[in-house]
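Each of the next two complexes has subunit A plus one other chain: subunit B in the first, subunit C in the second.
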Partner chain A sequence: MTHQLLIGYADRQTFLNRLSGSTKLLCFVGLSIIGMTTYDTRYLLGIMVLSLILFHFAKIKFHEISFVLSVILGFSVLNLLMVYVFAPHYGVSIYGTEHLLLGHHAAYFNLTTEQLFYEFNLLLKYTFMVPLALIFLMTTNPSEFAASLNRIGVSYRISYSVAIALRYIPDVQSDYRTISLAQQARGFEISKKASLMTRARGGVQILLPLIFSSLDRIETISQAMELRRFGKGKRRTWYMAQRFRRNDYLALLIVGALIILGIVLFKVNGGRFWNPFHA
Partner chain B sequence: MPNKQSNSIRTVVATGIGAAIIFVLMKFVAIPTGIPNTQFNVAIGFAALLGAIFGPVAAGLAVFIGHALNDFITYGSPWWTWIIVDGLVGVAFGLTKNRLKVADGALKKAKLVWFNIYQIIVNFIAWVLLAPTGDIIIYHEPASKVYLQGITTWIIDSISVAIIGTLLLVLYARTRTQRGSLKKEK
Partner chain C sequence: MTAPIISFRDFSFQYNSQTEPTLRHINLDIYPGEKVLIAGPSGSGKSTLGRCLNGLIPQSYPGTISGHATVAGQDIQQSSIFDLSLNVGTVLQDPDSQFVGLSVVEDMAFSLENDQQAQPAMRQATHQWAQTLNLQDLLTHHPQELSGGQKQRVAMAGVLIDNSKILLFDEPLASLDPASGKASMALIDRLARTQDLTVVIIEHRIEDVLQQPIDRLIVMQDGQIVANDRPETILRDSLMAQQGLREPLYLSALKLAGISLADCQHLDDLAQLDAPHLTTTLQHWTAGVTLKTPVTHTQPLLTIDHLTFGYAPDQPIFKDLSTTIHRGDMISLVGQNGVGKSTLSNLITGFLTPQAGHLTFDGQSLDPCSVKERADHIGYILQDPNQMLSKTLIYDEVATGLVLRGLDAQTIEQRVLATLKICGLYEFRHWPVSALSFGQKKRVTIAAILVLQPAMLILDEPTAGQDLQHYTDMMQFLAQLNREQGITIILITHDMHLMLEYTDRTIVLGQGGILMDAAPADVLTNQAIIDQASLAKTSLYTLAEQHHLNPTEFVAKFVQAEREARQQ
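Right, the complex of A and B next:
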């Protein structure tokens, strides 16, 4: 709990900070969708390198992100292990060839180049968006984020919900800590020393006050918003909205080109996989 | 009676605060099961209550936003298939609003039994049928792995809703004044 899990925005005075939130959001979503579908190693590596270069420009310090990075890497490795345990021949069935490295051809657990290559692709897919996500998180002002959602066509009520969520996450988090400490002071053991059942019961004792006080908060906030005539107009302007500038169009153009390149590669490869074994 | 306008404001706020709570619960109150990316999830139990009070739009969006933010911050990249499926589960919970009528107080046992059967079926469709299929089509992951993750999630989410969701529903209903509890003096 001592870790600051919610890594935060800071005004770092780089060109990435000055890009409008809508641009960054569109670029992020576009790249994440194309990266989700493609299995072209060259393409994924290219985007990875590109995002690492951008990451360098964002002036984010390593200690700010080291904890998040270790969590992400841990989960990726666990997932890769699980894929191997459950489907050690999946790579062979995808690429159609078999180059044995270790073990016997007929054995369940053997190691093939194809499997390693497939898992390497998976690792790229799990991690290639991470630098971009971190850049996005740490260079976009949360209030501007809601404005940019509205700009790209999401209805302003939903954008406002997202704004409320971002605004109240720290509050709910601190409520959670306060209630947790209060309950521990009353004798509920929720640390690792207690048995699972005791911990679960302790957890419920935190959950109930947290949820019921939040339900009251919903009433208060919605009444306050109604008094300020929220939702009367068809549109809404945003204090934090930014105009598109030259760099925004440039960034969108580059990402658009990258996405088109990804689609062209589907055609060239004759599918989603790039197969180096057939050459 | 609240009119339509203030209802829509309440939906907006409930979505936002609900997403914030779901985010915090997913982040801090998650007990890992040992299988990667599946954990005993308290947040989904809360989603059941949110749906029963505020309806499908608020619950669906709140789960969607909360889950997406959590994935974004924990793993760096949102895992879209599971986020969308989770949002759909939220919508399905929201559909119980008119049937459960928690705001009118006093939940009968029959309603709770019905709710639990309903949620187990919803979770089955979501985690055993939809989510793994999405993973196979979109992410091209091996079937046995994603089905194991799906079935585990189905079981633990159903248990979570059965315990925490039901508990929250009962406790919430008790805080409400029962409809028709006042009688005209003769």
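Right, the complex of A and C next:
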């Protein structure tokens, strides 16, 4: 039975597991924002190394993430290629110099060190977040998600809908399987044997009953929640919320310092880019 | 005399979406500490009355109210769902959809979270109620890992944690197997006594509720209360049968034996039931009935040969399972939840592939056949018709299977109309599916499968959640298909009435194979099998034992007499 989603939480008994979900979410969001803003290669490399070290400590097994990792890698490479195809001179316009490696100065597709350097920065930006995101997802108990979102300021109704989704995804999956099998028995072919059109039509035949049964479900759930006073107050407490401990403050402090460092570097570099070519 | 905790005075309610009032001039008082059963056929207004108690009416279901209703001193028109929920804890029919938390303990604490209680208080309360309801070992479990009975206990914990004094159950037995249902009723009774609760149970399975003492039975019909008395009085007047409700089996047996209910004492409690010459009358009746030799079918239709299957190789669900289904059989397939009843039907219909073993259908091997090819011979009908219906018009729904098999328009029309006639849906053929009742929708799903002319039907809980009238209609229809069209029928069920009254052969699954394969009367009088398969002893069995009769013989004779009476 595959109850687990693509990537799953497990209690791996590490200090990262014991951090509160809110801390991890705040750190992840904070580092992502500064990392997405800056193009300082030294800084990005630093965070990359840090996140890899943390990832090592999270004791996540490679086979648990190999699928997600290959998808992300594939998309990153595709993206970098597209950037080159559409703007092969962007690096030159940013850094103001041109060191030709291949091709002619006047050609559209030439290769410069500046462009390679720019795209290397992009690659770092795409990838430094991956270990952090995986750490957040895989060391945070799903029950704590909603509480964490609520703590960082998302309204509790929206936060709880995340918890509800996690709760009912397995049920909807099993509904889907049941409906799909019943429709197949009546002759809807949705396997690879049938043409795309037939399969698409077969899909609709499954979706309709699935949507109706999900709507019924939603009505019952919202009644059940109302009957237990969900939505009564402006706030609510969370059974699974974790209190901030020393390590949480420490983690927030370190990440705060890193963010300030990033901002200071903006000043030093006179902008978002660190330019090694002017030296 | 204390003041009533629930009071309705000339109360009527009409949903905005309806043209007629659903509740009409209700007068009802329920006193603190009472245990009340509200019964009635579908559409009698019993669920609507429940919604008035917990505040869903008028807040979630707007409508017109006249008259007056108070619950725990609050006028239901003036108070919010939130206020009422502190006094009335509601356990919904489907404990699965009531489960909103990701784990047991979170679900228990849900209402406390909404009350903004601090974590230590929540921990203390969940701990206490986990102990009372025996959930300590399940606190971190996910809803997918719980049985129906466990989920219901979690649902109870989730509302009892508010210390509400009124507990409202909406059809608590509908999604439980007989043994869990029995346990659940005993638990409700214990809670009611130890926690000083007022309990209102809405249910149409009266016999199962009456296994525990009930103070008052309220029977509803067409939005009105037609009886409101001690259960014994109502049972004696045979009001249930008149109102389209099923009366306890032992009462039917007493009547068959010619015992006048008016002479009986303790009619609502089988253990204490007494009447003049009860034993001799029952013995006399039993002696007077001769059992006919049961009709047996011998022509093999489906042969299951040394079947082995498991989702994980080290946890086989079936090991070396073999049996033969004969043409014309009407079989009930029973067993504990999770024992593999659906798995077996999925193996037969080809949704799953066995690790070892063979299936033979009508002399042909099924092993190389695809799901679609098997569906030409074996029809599978899900419990919830809404999961099967995907067209707007009934005609189209029934025609779908034939259209997909590429038949010509004329043949399709011929076969669809013929099938609709058999299913009693011919007049509805141009109706939209959405306009049908639950039972009619179920019929449409059966028609949509029958049109493929299968030799065998597998139905999952064909009568779940239906009242006696709809149940009888459905079962007589299936019995007729079996008798007149010669269709072999396998019914997956928890309903012991259904097993006894309509099937000739019961296959009990358990422990990786077939625990027992015998006549229903033999199965339901075998204590070891009853325990292993989470069935429950029927009241007939107890009655026979009490009066020194052979239970198997007595049950078999009762079933035979009932069937003869029905066919006349």
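Going forward, the second predicted complex is superposed on the first by the 249 of 279 C-alpha atoms of A that agree within 3 Å, B and C clash if a C-alpha of one lies under 4 Å from a C-alpha of the other, contacts with A are read in each partner's own complex, and residues count from 1 in each chain.
Keep in mind that, in the parts below, a residue touches a chain if its C-beta (ideal position, glycine included) is under 8 Å from a C-beta of that chain, and two chains touch if they have at least 3 such contacts.
Note that the structure is predicted; figures quoted are calculated from it, not measured.
Peer 1: Which partner does A:120 contact after superposing on A: first (subunit B), second (subunit C), both, neither?
Peer 2: neither
Peer 1: Give the label of whichever partner, subunit B or subunit C, reaches more residues of subunit A.
Peer 2: Ranking subunit B and subunit C by residues of subunit A touched puts B first.
Peer 1: Report for A:179: first if it touches subunit B alone, second if subunit C alone, otherwise both or neither.
Peer 2: Second partner only.
Peer 1: Considering only touches as defined above, state whether A:221 meets subunit B (first), subunit C (second), both or neither.
Peer 2: both
Peer 1: Looking at the overlay, what does A:32 touch: subunit B (first), subunit C (second), both, or neither?
Peer 2: Only subunit B is touched by A:32; subunit C is not.
Peer 1: Who does A:277 touch here: subunit B (first), subunit C (second), both, or neither?
Peer 2: A:277: touches no partner chain.
Peer 1: In the superposed arrangement, which partner chain does A:163 touch: subunit B (first), subunit C (second), both, or neither?
Peer 2: Both partners.
Peer 1: Output check: A:188 vs subunit B and subunit C. Expected answer is one of first, second, both, neither. What do you get?
Peer 2: second
Peer 1: Looking at A:134 after the superposition, I want to know if it touches subunit B, subunit C, both of them or none. Which is it: first, second, both, neither?
Peer 2: first
Peer 1: Would you check which partner chain A:79 touches, where first means subunit B only, second means subunit C only, and both and neither mean what they say?
Peer 2: After superposing on A, A:79 lies in contact with subunit B but is clear of subunit C.
Peer 1: Which residues of subunit A are in contact with subunit B in one complex and with subunit C in the other?
Peer 2: 1, 163-164, 166-167, 171, 204, 206, 208, 212, 217, 221, 225-226, 230-231
Peer 1: Looking at the complex, which residues from subunit B come into contact with subunit A?
Peer 2: 5-6, 8-17, 19-21, 23-25, 27-29, 35-37, 42, 46, 49, 53, 61-62, 65-66, 69, 72-78, 80, 138-145, 148, 164, 167-168, 171-172, 175
Peer 1: Once bound in the complex, which stretches of subunit C touch subunit A?
Peer 2: It is residues 54-56, 59-60, 81-82, 85-86, 90, 92, 94, 96-103, 105-106, 109-119, 122-123, 126, 142-144, 158-159, 162, 311, 346, 349, 351, 371-372, 374-375, 379-380, 382, 384, 386-390, 400-401, 404-405, 448-449, 452 of subunit C that touch subunit A.
Peer 1: Flag every residue of subunit A that touches subunit B in the complex, lowest number first.
Peer 2: Checking each residue of subunit A against subunit B gives 1, 5-7, 32-33, 36-37, 39, 68, 71-72, 75, 78-79, 82-83, 86-87, 90, 94, 122, 125-130, 133-134, 137, 157-158, 160-169, 171-173, 176, 203-204, 206-208, 210-212, 214-215, 217-219, 221-222, 225-226, 230-231, 272.
Peer 1: Could you pull out which subunit A residues touch subunit C in their complex?
Peer 2: My answer: residues 1, 3, 142-143, 163-164, 166-167, 170-171, 175, 178-179, 181-189, 204-206, 208-209, 212-213, 216-217, 220-221, 223-233, 235-241.
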